[in-house]
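Going by the order they are written in, the chains are A, B, C, D, E and F; count residues from 1 in each one.
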Amino acid sequence: MRGLLIGRFQPFHLGHLAVIQEIRHRHPAEPLLIGIGSAQASYSRENPFTAGERFEMIERALAEAGVTGCLPVPLVDIDRHAVWVAHVTSLLPPFHRVYTNNPLTRRLFEASGYEVEGTPMYDRPRFEGTRIRGLLAIGGPWKELVPGAVAAYLEELRAAERIRDLEGEPTGARPGAGR
Amino acid sequence: MRGLLIGRFQPFHLGHLAVIQEIRHRHPAEPLLIGIGSAQASYSRENPFTAGERFEMIERALAEAGVTGCLPVPLVDIDRHAVWVAHVTSLLPPFHRVYTNNPLTRRLFEASGYEVEGTPMYDRPRFEGTRIRGLLAIGGPWKELVPGAVAAYLEELRAAERIRDLEGEPTGARPGAGR
Amino acid sequence: MRGLLIGRFQPFHLGHLAVIQEIRHRHPAEPLLIGIGSAQASYSRENPFTAGERFEMIERALAEAGVTGCLPVPLVDIDRHAVWVAHVTSLLPPFHRVYTNNPLTRRLFEASGYEVEGTPMYDRPRFEGTRIRGLLAIGGPWKELVPGAVAAYLEELRAAERIRDLEGEPTGARPGAGR
Amino acid sequence: MRGLLIGRFQPFHLGHLAVIQEIRHRHPAEPLLIGIGSAQASYSRENPFTAGERFEMIERALAEAGVTGCLPVPLVDIDRHAVWVAHVTSLLPPFHRVYTNNPLTRRLFEASGYEVEGTPMYDRPRFEGTRIRGLLAIGGPWKELVPGAVAAYLEELRAAERIRDLEGEPTGARPGAGR
Amino acid sequence: MRGLLIGRFQPFHLGHLAVIQEIRHRHPAEPLLIGIGSAQASYSRENPFTAGERFEMIERALAEAGVTGCLPVPLVDIDRHAVWVAHVTSLLPPFHRVYTNNPLTRRLFEASGYEVEGTPMYDRPRFEGTRIRGLLAIGGPWKELVPGAVAAYLEELRAAERIRDLEGEPTGARPGAGR
Amino acid sequence: MRGLLIGRFQPFHLGHLAVIQEIRHRHPAEPLLIGIGSAQASYSRENPFTAGERFEMIERALAEAGVTGCLPVPLVDIDRHAVWVAHVTSLLPPFHRVYTNNPLTRRLFEASGYEVEGTPMYDRPRFEGTRIRGLLAIGGPWKELVPGAVAAYLEELRAAERIRDLEGEPTGARPGAGR
């Protein structure tokens, strides 16, 4: 049977990699589905990268680290929490264990009878998407927080410039909408 | 002809009950539709309970208080205010009077030719969904603010625990989306 | 606990009424939720009446027949069958038994652990929405197929005229779209 | 005040042009909004052209014919007929007269209090979108059925080839979906 | 070929008019499409006016100022930035130049190969939708910030009253939803 | 760089397997994305299986056949063909070649600058989803048309029974909707 880890990976960082390595170590015989959450979102402050770009980050980072047995899958949001587990379940091949520290995710999966396991605590305040995006925007020391392959890819994408543009926008900004 | 009262009822509290009793008293011959607004929302900070759970709260509270002549109806939001009245009208049996103190709701219904009546002022700052959810989260004195039947149901649902989990999330949080 | 019967009721006819009476007779202590399916649909060949108009038909017919203990609830479709039961469950107060002869509905509810009961067979080919809409369109003997209160309401609505207009349209026709 | 004519214009043909000229002649002082219906649809059998391409056809044809006072506006469908008039009204500047021979459109606008006027009958079976698309697909004599400027534009777009590809698909075909 | 300027125009003010006049002056032979962004939004704090009302403001203001060669087009949002340019392109007739100072809009159009030109800087802090809506709400000196024709129209609409009602609501408020 | 093959795989059959093997043979160094189209659909006549079930079929069949280098990805439909390529591109990691014999898919990808390659012709009339679903429904010789691992999985799912139920429904049937 498979396990499932869901995240937004904006961007994929060393904290994510550590969690995946730990899960693969705990359950080496269990393939791991990596759900790329809010897959429909991109080019926004909270979600600068497309699901496809995040997919690429994950593939490159896992290849670089020699981690196998993982399957990234984009998961488009459904704006109704009460059907969210049924939505995720219908899109993914069978899995029986969910890894999350998020109380809402845990609550919804447990209510549907799934086994939920916490993920190991890696240095959380340091490895956090919001913080890394902030460092990218101001040109701070972000590179040491992501896998080397992701750092290279973010430079290919000219991510710092993209994030800088988006940081100036209010949350929920839409293209074409001035003030 | 029927009247219509719309609310989110997160949760249904004594203020709601007092308004309904007052309306039933004013117009005893007029059945009252109780629109459960944002029916698609649940498991979020602003909307912890599903429409079905809110429906159940209303049914139990009205039965306990001996109030008759009320019909709860879940109303899914439509994200376009300009068509909202047409949307509500298409889902409900004919009604000719709307009870609301909300200026946007009043404005939209009046623009479509409906008669809008204010609702009586019951001790507002005290009976307010946001405040009651907050009290539930911190274990404060919430029970005296809801009908007995609702208090019992909220305990069945382990509502305090659910709300506590959700309070930790940012507004608009989605399942599966860490930071 | 409650039971649930779902239908589109386009229009509500004597076959529907017979089924409801039979269910109420079988389980008199069990309130019956009457889900008005495809509630978002109206003014189309398959669904000429709004959910609100169908709600009104049901209320009038049940009052006329002296049937109590029923709660009509509009149910907007969700275009993903795999989450449909979770959708319905989130909108309705708790129910534990579903009445249906529809294999898809039975299959989806059973897969979610609900008890499903068949409905009694009343003269099916005669009492069928499609046939009654056809009779309305051509001015045939439709009145004997619906409760008296519904017949009167359909005349108020000038239903025959509406259906005649819609019958000329292809399935899936949209307003404003000529050929 | 303005008038409103809605169509799908797949493609814009001489019948459409005749109707517009007749309306402009009847009410020369009244600007005419030309609603491009099902604006979200394209690359399908029923709707091969994007709203933008149809917009371009209309602009070129009216310029060629010297018709002024017309404003094309793309109108995305809303899948709920009961809110359709509110939807259209919210997107367009004020208009007070609607031109249509479509019974559903007439019914919905009249129910909202609009004045509806029939459009003149130009040789209907001959000038019909379905027929013209069929002629394009088989290389028949379609050019004499559309304004010269539209014929030239359809050739620029290599419309015959596009329609031929789409004609092979079942109605409702989606990209990427084999059989 | 055409140019494209997108804005929300809540409301259309003298800053917008100056930008349009400047663009028309720079490229007199190039018709200008004026995209009315977030066309689905209205009766909210950020977007008090319907797309149709904004369309009317633009038409009246351009007529008053004697500006020709402009085509207003409502543009409904699509909640996926990665497909936004494809969405806009499919709704509009061909254009080859986009005018914007918004970094997100610029980024998305440039990524799709469009030429993007900045718009001239007119006294920005003064002419800003948010500020003008605030002045309308408190009865401040808003009239000098919009074209005369728009001022008259806003009074017809009793805009101050509408905005005052909406200002009391939290961002994202929905009709029918109390607290 | 990667290749992309999209299909609905209702169910995954030997024709699909042959195409994948041929592509892997042609371009062994190029990982192959397998897009599971109409991923939101299930429990309908045309689409009896969920995306997750189809994902499982593909994984099992490829493992059985020893095919490596393939990545299945569920692709939810977007009901606007003009933005479909942008939608697919945003969800998938970079790919530069598309395999399809479907003219609409070819047309849309070529219009966006992708290289499109036809897929080899395996005995088409025999290996066709519609035909295999029909054989499943009537208990005909379907097993020889799918990989052994898929046959076993379809029996686990009691697919014949599911399809039989769904075959009785009209196209576009919805749960809960009688006639």
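List of remarks:
The working rule: contacts are C-beta pairs under 8 Å (C-beta built on N, C-alpha and C of every residue); 3 or more make two chains touch, one makes a residue touch a chain.
No experiment lies behind these values; they were computed from the predicted model shown.
Common partners of chain A and chain B, by the touch rule above, are C, E. Computed centre separation for the pair chain B/chain D is 44 angstrom, with centres defined by C-alpha atoms. Mean C-alpha positions place chain C and chain D at a centre distance of 35 Å.
Within chain C, residues 42, 50, 80, 82, 85, 89-90 each touch two or more of the remaining chains.
An unclassified topology is adopted by the chain contact network, corresponding to no line, ring, star or complete arrangement.
Chain pairs that touch one another, listed by label: A-B, A-C, A-E, A-F, B-C, B-D, B-E, C-D, C-F, D-E, D-F, E-F. Residues 40-44, 50, 162, 165-166, 168-169, 173-179 of chain F touch chain C in their complex. The touching residues of chain B, when paired with chain D in their complex, are 78, 80, 82-83, 85-87, 89-90.
Residues of chain A that touch chain F in their complex: 39-40, 42, 50-53, 55-56, 59, 71, 73-74, 76, 89-94.
Touching chain E in their complex are the following residues of chain B: 6-8, 35, 37-38, 75, 77, 79-82, 84-85, 88, 100-108, 128-130.
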